[in-house]
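To keep things simple, chains are lettered A, B, C and D as they appear, and every chain counts its residues starting from 1.
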Amino acid sequence: MIIVMKPNVGKSEIDHVIEKVEEVGCKAILLEGTNRKVIAAIGDKRDVSPEFWSAIPGVEKAVPILAPYKIASREVKKTDTEIKINDQIIGGNKVSVIAGPCAVESQDQINFIADKVKKAGAIALRGGAFKPRTNPYSFQGLREEGLEYLAKAREATGLAVVTEVLSPEHVKLVSSYVDVLQIGTRNMANFLLLQAVGECKKPVILKRGMSATMDEFLLAGEYILSHGNPNVILCERGIRTFENHTRFTLSLSIVPQLKKLTHLPIIVDPSHGTGVRDLVKPMSKGAIAVGADGLLLEVHPDPEKAFVDGPQTITIEEFENLMTESRAIARAVGRDI
Amino acid sequence: MIIVMKPNVGKSEIDHVIEKVEEVGCKAILLEGTNRKVIAAIGDKRDVSPEFWSAIPGVEKAVPILAPYKIASREVKKTDTEIKINDQIIGGNKVSVIAGPCAVESQDQINFIADKVKKAGAIALRGGAFKPRTNPYSFQGLREEGLEYLAKAREATGLAVVTEVLSPEHVKLVSSYVDVLQIGTRNMANFLLLQAVGECKKPVILKRGMSATMDEFLLAGEYILSHGNPNVILCERGIRTFENHTRFTLSLSIVPQLKKLTHLPIIVDPSHGTGVRDLVKPMSKGAIAVGADGLLLEVHPDPEKAFVDGPQTITIEEFENLMTESRAIARAVGRDI
Amino acid sequence: MIIVMKPNVGKSEIDHVIEKVEEVGCKAILLEGTNRKVIAAIGDKRDVSPEFWSAIPGVEKAVPILAPYKIASREVKKTDTEIKINDQIIGGNKVSVIAGPCAVESQDQINFIADKVKKAGAIALRGGAFKPRTNPYSFQGLREEGLEYLAKAREATGLAVVTEVLSPEHVKLVSSYVDVLQIGTRNMANFLLLQAVGECKKPVILKRGMSATMDEFLLAGEYILSHGNPNVILCERGIRTFENHTRFTLSLSIVPQLKKLTHLPIIVDPSHGTGVRDLVKPMSKGAIAVGADGLLLEVHPDPEKAFVDGPQTITIEEFENLMTESRAIARAVGRDI
Amino acid sequence: MIIVMKPNVGKSEIDHVIEKVEEVGCKAILLEGTNRKVIAAIGDKRDVSPEFWSAIPGVEKAVPILAPYKIASREVKKTDTEIKINDQIIGGNKVSVIAGPCAVESQDQINFIADKVKKAGAIALRGGAFKPRTNPYSFQGLREEGLEYLAKAREATGLAVVTEVLSPEHVKLVSSYVDVLQIGTRNMANFLLLQAVGECKKPVILKRGMSATMDEFLLAGEYILSHGNPNVILCERGIRTFENHTRFTLSLSIVPQLKKLTHLPIIVDPSHGTGVRDLVKPMSKGAIAVGADGLLLEVHPDPEKAFVDGPQTITIEEFENLMTESRAIARAVGRDI
């Protein structure tokens, strides 16, 4: 930690900071600059935040040298983490596609879609049973009935199934039905939920909060990891910016940046990340080109009739076409789908 | 709803939209513009979202005429809602100040602060028992022990107590100890939690999500209202922007804008909204000047020793001074503290 | 234009709006909804802005149906615009790469780089002669001397040369030396400069303002087009958001969205768009995958010694490698470099 | 400057950085942390930017200790700068209000408004002669004719006049007519224009760029100061964020933060900062409460007929009422209007 003192602080304030540095178990080195005094705290104490230091009188700011996360860091684990989902791997050489409707609507619907996306090359089926809806008057999902349909669609097709979990008290129920738990963007900083899925061992897809910085995103991953679950898949799904031609701004540059900093696999959700059907295919191709390990896509035979998220949902035919074109990109970066 | 068709759509697409409009119970009026055809759907159907329409083939966009919330709207209830907190009112002519430490640390700490903030004019005591922390290695709160300390501080001072609730399963426990439940910014879109506090009858302080638009904020309030709890206090606490001289950008313009659109009281949290101790007093005064019904403030006798949020916490003396200066502003806008 | 009236407006306010609609030459249709009255103004009057309407008493908001730009619109010109730069085309099937140093430093430097980037496949050379610098104490460019060096580098290599123009009074001078004028992000809304390059006939690379919406970006292009210059190349270069792992957030989704709305070619600048050397190659590949017509890249033999923008500048070797990998992506989307 | 090296860098990379530090005239101190090596560069070299350092191989990031601006800094000049505008002062104890129409429309219009705003307490008249318009088809201002009208309005009322200057080549002309030059938000980073007004001696109102950080804003001020003009008035006018209930987000917290860091006066423009007429009065009061030295307001006798910016323009009566209510706030903070 680099602790920058305010101009004109006295000896007593500096001594006090040095004392505090030693108290937390670090070594203090005082640097006397032309206009400022700076104290370097030497030692790996990631749990002592910059806020701790800037609350001390006389301190102007504190700049961390080390990242606040550790288990998620590539410094700690150099090789890519590969996560097993039934007989498939996420994070290996293959680009893994997970597809399905935003919401599970009926057994027929989910089986039909599961069959189609499997044939087109998807490795897992997604479908929402518990739906977090901005509007209290909107459809909230089939809940446990939806989980049962997902489990039966797995039996029918062999595809692993992925669904969102909304609350710590649902973790046990949901994980008894599905193969992968998804944490939605609105719950990325729901720390009790992160703990709960951390104590479970099922793979978790952790969506980036729509206003989370990269460090906050990795710290959310660290929450899960630090509670004992090593199977964390990060998912970029668009951030909130001033742009209004899309619902969110899909920030693809986070993919190669995360690849440098963490060993965890990273997938991209261009459906929520744009909110616009026509943009799903080009942004899927872009995601693969920048190095994403997979895609999470909303597919429905009749998007107009989808209970949720119709405008960003692609049809079965569009999905098949997307897979063909994406495969060409995957090969151009030395991977396969 | 105004439904704008893409250029060059055919009659069958238009007829299909008109049919859908009538299906949901609205009346359709077709407007033939110079370059575009537009269909107006007449009728109060707030639960049919723009997304429903833009998912239909041939539709370019759908523009809602009515706000998506209803119970929260001033069109439905014209007079200001006043919310009773023990023997005090939030939303009346008085500017209500709620103050206390970010985290409850001990019985002595909370009693000492309660006594001081009461004397300086606060109407309620805040203090965190369950702390949502970005970093998994940070202090997570005293939990039920903290709730007990809060309840005892109430006994000792007569101040109502406010604390954050993090999960639906905690609502019963927390509301058995405290007078006001707080929903934090990271949980504004935790819809199961909104439902749970909606089914409880205790007053709720609902903090704006750091990336929530005004409509999304009001819809979160509507969630609580629509589940039966009319006692919703809105709280602006800063939004995430590109600015880096503060932790968040405190958006004071939302206060007078909300006053036009909703009957619910609105308070402001300048501690989290800036993250900078020196800015708490001026921004408190600004909040009152723009019409806020109250303030939510972090106060600690020794911010350097505060377990959480030290850099934005003011001392008892600073709080007393803030109250004096804020009182002058309150009077200048015809109110009192 | 759809003009939404406030609740409870009287007949006189409605009549007044209808009169205004007819005054500007549109036809007014009054729609009487359940809770609101709405007036549709029929007619292609893009120059009458929503602001004109919302300033009228009783009007709640005005929603435009037509885009505010016209010449730039694909509705007006359906086929892609191809722009000739010397013997090369931007906007055709080929992905056009423009590369060079951020700043021209010497004749040797620019000739050396020109030769290298040409061999690796670039179709034009970029280099700054007038540098807009945030810090007044930073290097401001070689000015006319830099233009001379660029012109000589063109003679030596046959590459077209591109440079930024900062002020209307420089347009004549700069265009006497170079083949393509560049408008920087900080000048996208410098309307006098847009006019000046509009009156010139040289091709213009128009960089997106770092906080410009898509409509504002297209309106800036329309400025140039409407002053007589049809040779506008749009360039996405990153927007300002809360993200801090990159200098800007490169918004690739604007590329396919612009392709739907305009016939103008669109290129991407991943050097400024990320500010991070390691991200230039993956984001270049992403840009091509989403459909960009070209790339604008900063290349320098020794980025550490570059006068400007060292951290985002790639070496000659990195550029050669980028071209090889990008070529594979271009082929995967049916194009060439 | 604190230079953080990448993990696992070798001695040669460290020696190379140390050499560079000494080359620019600083003293290097090597700190060997547990996981990282850090080099502190001691010496006041604000012109060597963090980018210079992060371009060097092996460097992970560079963190500046000193602010990049100097003349603007309160460390260099401790007392508040007061700027004389004719017989009035901006930056003293009085809150200075500058008001007038967005665009000068006629001699009668400007004289009428000048007279009214003077009587209500304004110290200067604003009015646009050259208008930067987003839409090329919108009204662009009366240009020199408008300047003449402004000069005559000054003769008639004795009010100082303020107008925007758009281009370096206009500075001489505009400053021959008016008392204060205004740099608009779209030109805050038009460095040639900043130089030109820096070489002129007339007071300058510098509006914050809509996506400028506080440091960039102060650096723009430093441009003007460093070219010889000490009369810089900073103006917050709203930033671009995801919020959509206002045109921009007026960031009032920058006012007290700037007061800590700079001696320059700071005013606020709530008209552009919100874009909503009803919000102008409350946000004016908020601006004064947080410590602004003045207000810049758009006033027009008939906003509906204003050529520009009608929706955010207040009437004469609204202005008079705003002045009365704002005076109460000014007194509550120990100032006058």
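Assorted remarks:
The criterion applied here is as follows: a residue touches a chain if its C-beta (ideal position, glycine included) is under 8 Å from a C-beta of that chain, and two chains touch if they have at least 3 such contacts.
Owing to the predicted nature of the structure, the values given are computational and were not obtained by experimental measurement.
Note on interfaces A-D and A-C: more C-beta pairs are in contact across A-C.
Most remote from chain C, judged by the distance between CA-atom centroids, is B. Between chain A and chain C, the centres computed from C-alpha atoms are 31 Å apart.
In this assembly, the C-alpha centroid of chain A lies 39 Å from the C-alpha centroid of chain D. Shown for chain A are the residues in touch with two or more other chains, namely 211, 240-242, 244. Residues of chain A that touch chain B in their complex: 46-47, 49, 51-52, 54-57, 68, 132-138, 140, 166-169, 186-187, 189-194, 210-211, 216, 219, 222-223, 226-227, 240, 303-304, 306, 309-311, 313. Touching chain D in their complex are the following residues of chain B: 211, 213-215, 239, 241-246, 249-257, 260, 273-274, 276, 278-279, 282-283, 285-291, 325, 328-329, 331-333.
Residues 2, 4, 7, 29, 31-36, 38, 40, 42-44, 63, 65-66, 75, 240-242, 244 of chain B are the ones that touch chain C when the two sit in their complex.
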